[in-house]
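Chains here go by letter, A, B, C, D, E, F, G and H, matching the order in which they are written, and residues are numbered from 1 within each.
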């Protein structure tokens, strides 16, 4: 709400088109609406197909049931991340149409067709088989957010020819998410091959001096390929969310 | 494919058993030149106005003179980063048309007009006055790479109303680079306000438990705003390069 | 006991008003009583309603039963912190009037009405739902220590408008405890909004580079809001104890 | 501005007591003024005697001259922290009435008598002679902020009887700032002796495994005395600011 | 070389302007097959007796069954590392001829006689009894890779005479793998005794400030014996692989 | 064996008093016996009452049974450290005369009366109740090694008067072992009170920024009391062993 | 002062043998004198030849001159540690009889003959030439404290035979201080060779992953030789002080 | 000296071929000579052309002059590492025939022709221009030790095609030393390309989260290419020494 709109509002008040009570009510929204920042929340409700996201890890089964039931009523899509153990069975029983991905540990409840809102393709590349769970979380999140997604699996730098053979696929993507544990070198190689945005996701794969992903994280932060950005360890969800920020139209 | 097989392939070509087109197709698979990966370098030479980048820090004055002289002859633009001390005076004497930015520690030699190749605006936001040098490096780099750049200075989270008053500027940017030291909280606030890509740059500003930027780095990696990505400490250059990857057309 | 009182004591000894044995007995207390430091212990017994505090975590069920039985006989209030597992059921059976809070993991045995001894209100603010357990420990501890307590839940910096809407509540508190995990940015924002004491509690909420609360701890130690103080990770009890030091009359 | 006031404002608009333009102007202030958070800034200007604070470390002499000249014109008191080197001489020449403290590295420009606004005494205790600079920064800051301040020097835990002899002084303070390097044990001892707020300041004093203050910082965060709070390493200014938050009336 | 140039090259071949040999030579330069880098994979299939290696840790029983069944059909030897729990029983049932080593946590399926391809002996030395599992992994891996292997157990530096008594055995080895936890001092002593390659393997043996092998790792990286190299913590497999690189003929 | 003895040995060989084979046999012992370093082992067997020590943690029940049975036959005393779980029951069944201490996690098999070989008393001081297990390990080890041992429990620095009241006991000890977790401040206070050797043992007691004992370890290494030495985290055994080195006669 | 003495004092007061004022005066000393802890200070003044110790590093030349002049007047010996730069020349001019050791960075002012008060010999062993400064600080401190001291230089573990050749010297010492940087392995070897107390001093010698002495420190804390104790990095003074605690008579 | 030789020695003593004194003398050497470990030292003196190595960094100019003069007299070759500043000029004046390499910071004094004793070629590969100093140290050390050395410069993973184009050179080397800073990814790529030993040298090149080489070090320790070994940060000398251990004949 800019000055013009505010003037118009006050004018209609003076003109008696709206009551003082209505005016108070509308103006009380100001701190939120006028900041020019809170639109996202409204957009969400308006743009069909965008999922509600629930972090499953830190919530009890009871809490999840309440939250999901309430959300499901609104008719939108729902993505639960980091869900495992017995909570999965219970929730799948209650929501039989929901799909659980055992690698990604995600539960997707699709009540609407996902509308593709991305400009191009999000490519999720993954260094080794142990990195697949994090890569899958990225793939599913990016899809739920309305992106065209492709996967490229097991192309670690110790067998560089396997990666190089997929040069076309790398070149065609709009955003590339690179998931790697151990020394986390893959984003450097890919960052040197393409001019598109590269989001690096360190994984906690490895042992000893891998320090639960610190080695990969540091490797990626120090990438010799310019302009590689990094998210938190094992944060496939965050990488997909960042890719969505980049890939969305407008 | 070994020499023998290659010989056989060429023989069958000479023998007319396969067409030249088929031969080209098969040989194109030889994964390298055909990987479509080395083009970037060529593109660089072709696309005028894109700068050569030289890291000034680890090079001697002699080395810099040789490199810059050679580069300057090719007629393109040159960006030297992390340049300071007596090397500045010497190089400014030799290249009087070059511009040195004392905050950013960059030297820009413009021999061609920079062509704006970005889709929208790169906004560089900076938490406190001490973060300005890193922010300036990002601003200058992004400009040299062909982007429209805006700056928003000294809007740290301890005076949150100053930031909120600039909601419009935040909403209009295509990519936002957020530079902050100390606790590195600014990207979280901004990431919650906008839907556009947010690249966080931790700075080494602070003392004691700031640990030369580690506090800010960890804060940004753990941002509670989804989809914030991070670059290395004080890496204004890298953030701008990442922003350019996002902002470039096509 | 200062020089004057000591003179008076010796005088009454010389005057025969007290025996040498009594004198010895009183003077043997000196190293403790005269230090002017040990009064707290006596105050505790005198001031009714102040709880005994037991750290439940490192004690066996047997030890806890013995300690609590002994304490309960003295008629005061008792607060057991960090209590969980099967110890809860056993103790709740033995002390059916005790109240267990499953979030805070505290057991409160109230044998007397808590007397409000604080000057004003302790406000406990909490960034995200996962921080609630630590916040609850602070709330319950502060109440047991005789403070008026209010709670403000789920006002993280990624949705800054929710916090700003509660400006009044922030302004009216006498002490504010701010509980936050991940990047720990909330105390900086609140510290910039109010002039009252702000005690920051980092939580171990998060994963990867959150390093079990180190990211939040460092963030808070480096807060750009001046005069924010910090306690140990997940130390809701300590924060409430510090708030009580600040809020107590006198 | 609450609902009642807003209603009154709109009523006076409808009543024609204020023009639409005036209404727009007043309502445009809302995001700042109505948040109930930005008053501090205004209070500052109103309450005479409260100093402007400038961090000297990261500013050039030129910047400092401009800032101080501008501030000095407003007639209030000014505190420059972390100032040293040749900047001291230059500024002392320009502001001959300013006082520089070589230990604290502070420059104080007093243009008004400091009004004591604190409820009681801030006591700054210091473990060893090497901790004095940080303690002095706390002392001077607390004084400039309007507090009665006392100092207690060189009472480290390896000579515990020196500390115990000062029990009275400890008991009488309203807030105690404890400055210590090396193992940082002093706040634990003092926290066990008094019921008042204790703010611990780790210093970077020590060598080897002191790790520039980390040992003291960790010691203080893990204090076995309940309710000790901690600020950043060497942050005497921050400790005084926190003490001022606690000590201020109202 | 792009499609056009390739077409031209083939045309000139068809036209007889260049000979087939010349064509082969030029095409061999197409950097890939000609990189001389992918041969390893082929060699593997050709050289009988070289094992396939499977990391057992991160794979499910189902995955392992599929992989091992497929590999076993090819008739070569198979080494599964880091295998334990119930997966062992299941796999031993399915492959009754496989041998499981409970210390090394390796499963070896020998379908061919191992051909000794090493130049000399790989000696695996082990500091204490707790280091044996890692040493055994090295021993078994080195044997499976075709090396003559000897073991020397429990010769830690706190009983230096036991080590010195085995000087002959140390001198005769071609490569020495030294496995040690705690302070990791053994490689320094051995590195000073022999002129042969010494590969140090830190183990996670120890507690407290051993930090899961960091103490040993740092000790080995800082060895005062020149030319000691180090692998990751607990990486017996990697050390044996490195020894094999050194020991292989050719 | 010095030159004189060696001359005598060779003389007796030349004189035919011993055969060449005997000479070879005796001289082959040289590297061990003549180093003047390996006597400890022999002393052990000679000095009755000195225990064999077995680290229980990393050994299986089978291994422990074999080792203890063999050792028990030699008739000496045996100390098993870090023993817990079901291994305790099994071993106590097999060695019914052995005593298990549930706090210290030690198993003592006394087959001979312990001979007191220490010069004076080893005093084990312990900061809080949670530090008792480590203190008990030190107490039992020191006793098994032949020292007079006293204990002083729960005298942490937050209640300093309790410690000061025990000044006599501190002054009379020959060696003091101080066991403390959290901030590890107790050794500094005691080191300032006495002139005797003080061995500090950090414990892993605490949470959050205690980092499993690192805070206490750093605190102790940086003790402001001169001449305090430190052992590894939770290493009650090592502290007692060091105390025994100091306290032994000769 | 125990109960008996206190009774006697009060009796003499009642008997009129001492005045009330005298009684007050004597009893006011109680908190210090009666703690049974402060004797050290008095002993110091009484026992001639024990040096005053001044840490030179953190004091200005002015401060040092004042302190040393005051101390020198009392006629005892003075040891200044960590003294260098221009302060050395100035102090040597003022105290021409003082001896400065450039390696140890110590200044010794001997005004009395040092009385040997130690029971036996303190042996200072040093791994490499770069560790000599720290070793020298230990040697000089131990001598100033009244101990017989021997040195053993450059016997690192990478040339183990040089150490073993000095077995006799190791066996004869009463306390051994072992100074080592890099991997810090020497104390483990020596601790395994002797039954006497071994104090390990890590030095900051090394580069890269030596991390300024952390590698050596961790190595020593994890020594596989039982009963090795450790002091802070580069703390030769502290090691000597600890050795003096052990070596002093009675 | 084995049993056979010992028997022969004693026999010749009994036979009167050598005197008892001679026997004593020879047997006194035993601890050194008979350990079968100390031969290296003797070999050194025997094998001409092997250099003496002096670490220049921690030695004063005076010390270096004395050491080098003494060594030079023996007529062998001398390698001084980590030498810089004014020491270079002074030593080059004194030893005008010595060659100083400003990148490697090495001084080589060749008094004999270096005899090539290596089996094959040591290839030193270097990721970026900033890594050259460390690579040069490795090159010069390896040459001085008698190896054929080749260099491959500036083939970082962000431009992977440059590396792949040099496949032949990689394949032909006997040992490959890979020097890289930043993320340290190059050894993983090369380790996947070749079957020869790969020694990784992390450099301190980089800033921020490079942490002086820790990022590269961790990356290399976690290399996904099996059998890559690692030396300390910036330790070009150590890598060359390790390569020499591998490459030497015999």
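Everything that follows uses one rule, which is that contacts are C-beta pairs under 8 Å (C-beta built on N, C-alpha and C of every residue); 3 or more make two chains touch, one makes a residue touch a chain.
Computed from a prediction, not measured in an experiment: that's the story for all the values here.
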- Which chain has its C-alpha centre farthest away from the C-alpha centre of chain D? E
- Report back the single chain whose CA centre is most distant from the CA centre of chain F. B
- Message: Same residues or different residues where chain E meets chain F? The copies count as same if more than half of the interface numbers are shared.
- Response: different
- Check: chain pair from F-G, A-D or G-H whose contacts match over half of those in A-B is F-G
- Whole-Å distance, chain C centre to chain H centre, using C-alpha means? 60
- Rounded Å distance, chain B centre to chain H centre (Cα mean): 39
- Note on the structure: Rounded to the nearest Å, the gap separating the Cα centres of chain C and chain D is 24
- In chain E, residues with contacts to at least two other chains: 31-32, 35, 37, 160, 164, 193, 208-210, 214, 217, 221-222, 226, 232-233
- Query: Between which chains does touch occur?
  - Reply: A-B, A-C, A-D, A-E, A-H, B-C, B-D, B-E, B-H, C-D, C-F, C-G, D-F, D-G, E-F, E-G, E-H, F-G, F-H, G-H
- Message: Which residues of chain B touch chain A once you look at their complex with the stated criterion?
- Response: 31-32, 34-37, 40, 43, 53, 164, 167-168, 170-171, 193-199, 217, 221-222, 226-233, 237-246, 248
- Item | Touch list for chain H against partner chain G, complex | 31-32, 35, 37-38, 55, 58-59, 202, 204, 212-214, 217, 232-235
- Message: Taking the touch rule as given, give the residues of chain E at its contact with chain B in the complex, in rising order.
- Response: 1-3, 6-7, 10-11, 13-14, 16, 20-21, 23-24, 27-28, 30-33
- Query: Can you list the chain A residues touching chain H in their complex?
  - Reply: 127-128, 156-160, 164, 182-185, 188-189, 191-193, 206, 208-211, 214-216, 218-226
- Query: In the complex of these two chains, what residues of chain D are touching chain G?
  - Reply: 129-130, 160-161, 164-165, 205, 207-210
